[in-house]
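Please find one structure pasted underneath; my questions will follow.
Going in written order, the chains are labelled A, B, C and D, and every chain counts its residues from 1.
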């Protein structure tokens, strides 16, 4: 029977787990046998040992594989993951391996699948970011059997790579599913749990850009000064620990505590509720360009980190040093409401994913692919 | 100075060495410091220990790396090559790594280059073959910095993959360079060395097709019977040892020795001279669809092995069992002469390759690539 | 505080887990932080996926590492385990790693410990078996910091290897701990659970000897014919699946079911209770030469598998073909009772192990070892 | 025929090549097919790319394998060497693998040999040094089939490890073979080539001791001050680059150039001739405790580096700070001549090695070893 088929989701970070979890839960609920192959940063203490979050998912099997130590070069991680996942696939014999995005772990597993003729579905291919990760992402598209992308733009790009249109499914970005329904918590609960005293607030998330590590301190100072000058209140989520984060943390420490509530991280449902009630979103996280437009709040995208990733009318742009532009946004857009922007999905990615997997024809796709040249 | 730059050519088989050698020799003669990283089948006794041919190239350094044992799965070979080549690149610090085609060794080295920001040139990307090798080939294109392709069709396909037109160079297929000039041997010498008694002859090369291993015996019988029935004489080169070869060898053993001269292999210059004087070429080698049209002799491509790879007017097609078609070709085309077909190169690939490398602008290309969407 | 120290037990098979489990439980109960690194056959479906047994142990952490696929050569398993365990030790930072015996996994982990100056305790070193395993066992002794051996003979041999007497502790064989106290089940319960109809019975366990695989069928026939001829009843535990097992299974299938109860395996407590009430033990398992003398029942050791491993007065010897010797044993020794033989331990190995670890001096041992030449 | 047997020597450093080269040359001259597996530091530019010295040996095959990059942990080097050598042994099928000493490369190859039942001879086992290297050395003895040791003390220790006396051959230390005959160069040639202006000179070699890296500067100062104060002349060979070397180099730079001739390294024959004509040897190299007594010149062993390795009457001891002891040695022993000390060999190691290999019985040794308990 179709639904007894074994799906194996590969997760290497909290970020990709956030995308894969709704798909996995929907597949589990539809009767598929769901397992996770947990590796990468999940396994490392210094990144929060987030494998524990995967273990919290009920009704699924979890397989751990430590694939690195601190300081390992990326290609050594790739080689170790290839060896370990190849052994695992021999042992576990999944019917479908699901990988996400652009990390070296996803690439390693896609290589193993292609080499061993194991069906592989790639989530959120076809996007551009202009980094080595983008190269890995497109390789994953070439190696995978199926493509579940977040937008029509992405679908076109995967087609340009030579993939068959019939294997490309624009289901939307899975993390929007969270925002589509009720969060299950009230704003009052969120404010109490995280000690947020404001009624009217913006949200700011500002991560370092690796290739600009040297100027992150100056960028952070310019941005935070502009926010401070507005006199408004902000919930500020701490940056991740990529190179340049120390300089950002230094500036954060100098912000007035009565108008800036700094939080290391938030539970997802609570963060979703907080966004739904925010007056604006500022910074350079993907939440600003993907999730804010879906929810309908105005957002200001700072700097280069999300370049080319956003097109919604509710998204504005400024460099960290463009004080006037920031000020104009905080004045002109604060508290406005936009219609839902669904170019990156309508909040039903998981449902559409499972529905496609439930078709018997899906499983009949030939393993050998042919290049589909563009018409012309 | 530009020409003291270190070029590292990766070779895993006699076949890719045949493509890379003219490029390497031309680069060496232009003053580049040329090395070979020799791995793959070259290192294995059962495949003829062809690393010795690489060592015969004068004026270049040769670095050996054993990356497999018999029976190793492809992904284990990939992992071991990634580890070994990554160590090597740290030690050798090449300015440019040159890989060819679609083997797992080329993919491993392309992965190492992309991950470590080492410039990588890919030879003969953009071609289609409908196998796992094709997937590897396109991944190599995504991972490489520069593309030296054999035809305009291939160039278009690499562009469709999102690569910048300015980094794609259609230099032609390097092995045609051999055929463009005089071979250095006379036909008389060739006939004497290889004991070929015929004045008027065709050349037949018929390799097994892995996915059709079960029927190769029947195919070989049908084809050889048709050749035999023509009453003509043939030089027959033995098949490679992919699965299915035993059945072909069995049929070869039954051919009349006075009209079929069977040779295990030939030196390249001698084979080139033999082709230039042949009345026709029959079989499924790439020489039939690429080199024969360049030389201008008629060729009959048998079966599926070269599907989609040939378009020249001098190339005809038949399945092994289509006796009548084969007979018609041997009657109608035998001895005809065609104008040089140069869609796969004009015989100056090496010269053009070196000329591009001698431009200082070539070396200024940024290591970070961006996806070039097709105009639309 | 001493007891918060992190102990990491390495287990690769059900057999070594049987030895390590009592030590781990006693250490856990004494307040040490206990983890298992589970690898080897435990992880493979075809060997019963016995990692699940380790997971059943409460109050300990379990870390899984898949280190092989079917058909992997031993040295490839060694290399993969070295890489994986080295990464793990960096991440987990154990205060003491505990390995057992002579498997390639134990060797890999001992190598990692020695190389990284991590304290390592080796259980049951100093024993001889005349196989490649023995070589690994002695290497483990050279690589380990501490030695917990089962007998004075073993202690002497570890000393001969140059190890310091002060680091060698003859605590006895841990699996005897199970037999020392009450089993917690009654014989009636055992007989009911396993459908054993006999009141008076012997136990037979006959495993294949790899280097004698060709004659195992003949040996099994001779042995089982002799048991059958005695007219007595036997509980027969199925052999393991080393080469030669098929021939033994073939003979087992021909035994009369009313006097031979064949069981694939038994829970440990039930097997212990069954042994305590048996009239004799026959075969070539280590239980016959180690555990039977401790319990005090007569045992007949068949063939070469346990050569040099037994010295107790209750242990007799015969080759499988020595029908008369077997018959004499079944007549003369059946039902006799011997005093407890404690050369391989007094049933308090776990208690003594923990007591030694609780001494602060234990942890002050220098990591750099010196060779202790024998007095002379 | 015996002499067509394939001998494979494993070399990882210039030091072990110095030991293995005389054995390999003698075996080659006796008709054995000799190959080298060259790996480790030999392959690295920063250690002088000494693989080139191995390539200079005529009449032997050389196989290179890069097994590391700078910064690799020892166990990762071990794992990579195990994988690479295992593949190589499958391909090359040597009749005997010869390893030397105590490096991680030797251990990796010994593990591969033991696991694959390939005969392995270990050179210079049974010695003590009190470091992790010593542990590796004894493991190599347990893993190897044959033992060629340098002294009776070493032979006794290998026997204590349980090895069969019949497989232990005390042939002496191979590097003494160089000193036993004429060097082929005259002292005048040596002095000219290396610009040594002295007629009467001592030789000083002072390497860092890793575990004493912090005090090496002070030790070097004390030692060199004492040498300087003597008013005598010295040829000073530069230290190796273990941790602590920078501080030694700093002191060397301050020595008066007219009485201290500092050389980075010397060709072996020239160094041998220089030693034969020296008035004394001072420092902590093994040459001082092994080769100087064989040649018959007095030597002063400084500090802990050679602890327990020397017993000859011509060897004296002092710590670097014991100025008076050093002064007494330079006064009392300078220029004295001692009878040849041959406890570490008589200069015929290679000849004896080959003679043993030429016996047919040598090759009949069973691959399965048994532990030989000491008599008692």
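Rule of thumb we're sticking to: a contact is a pair of C-beta atoms (placed from the backbone, for glycine too) under 8 Å apart; a residue touches a chain by one contact, two chains touch by 3 or more.
Treat the numbers as computed from the prediction; the structure is a model and nothing was measured.
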> What shortest step count links chain B and chain C in the network of chain contacts?
Replying inline: 2
> Where the CA atoms of chain A average out and where those of chain B average out, how many Å apart are those spots?
Replying inline: 42
> Distance-wise, how many Å sit between the C-alpha centres of chain B and chain D, to the nearest whole number?
Replying inline: 49
>> Can you work out the whole-Å distance between the CA centroids of chain A and chain D?
In response: 57
> Which chain B residues reach two or more other chains?
Replying inline: 80, 83, 86
>> I'd like to see which chains touch which, written out pair by pair.
In response: A-B, A-C, B-D, C-D
> Which bits of chain A are touching chain B when the two form their complex?
Replying inline: 73-76, 78-80, 82-83, 86, 104, 111-112, 114-117, 128, 130-132, 134-135, 138-139, 142-143, 157, 160-162, 368-371, 373-374
>> With touch defined as at the start, can you tell me which chain A residues reach chain C in the complex?
In response: 43-45, 63-70, 80, 83-84, 86-88, 90-91
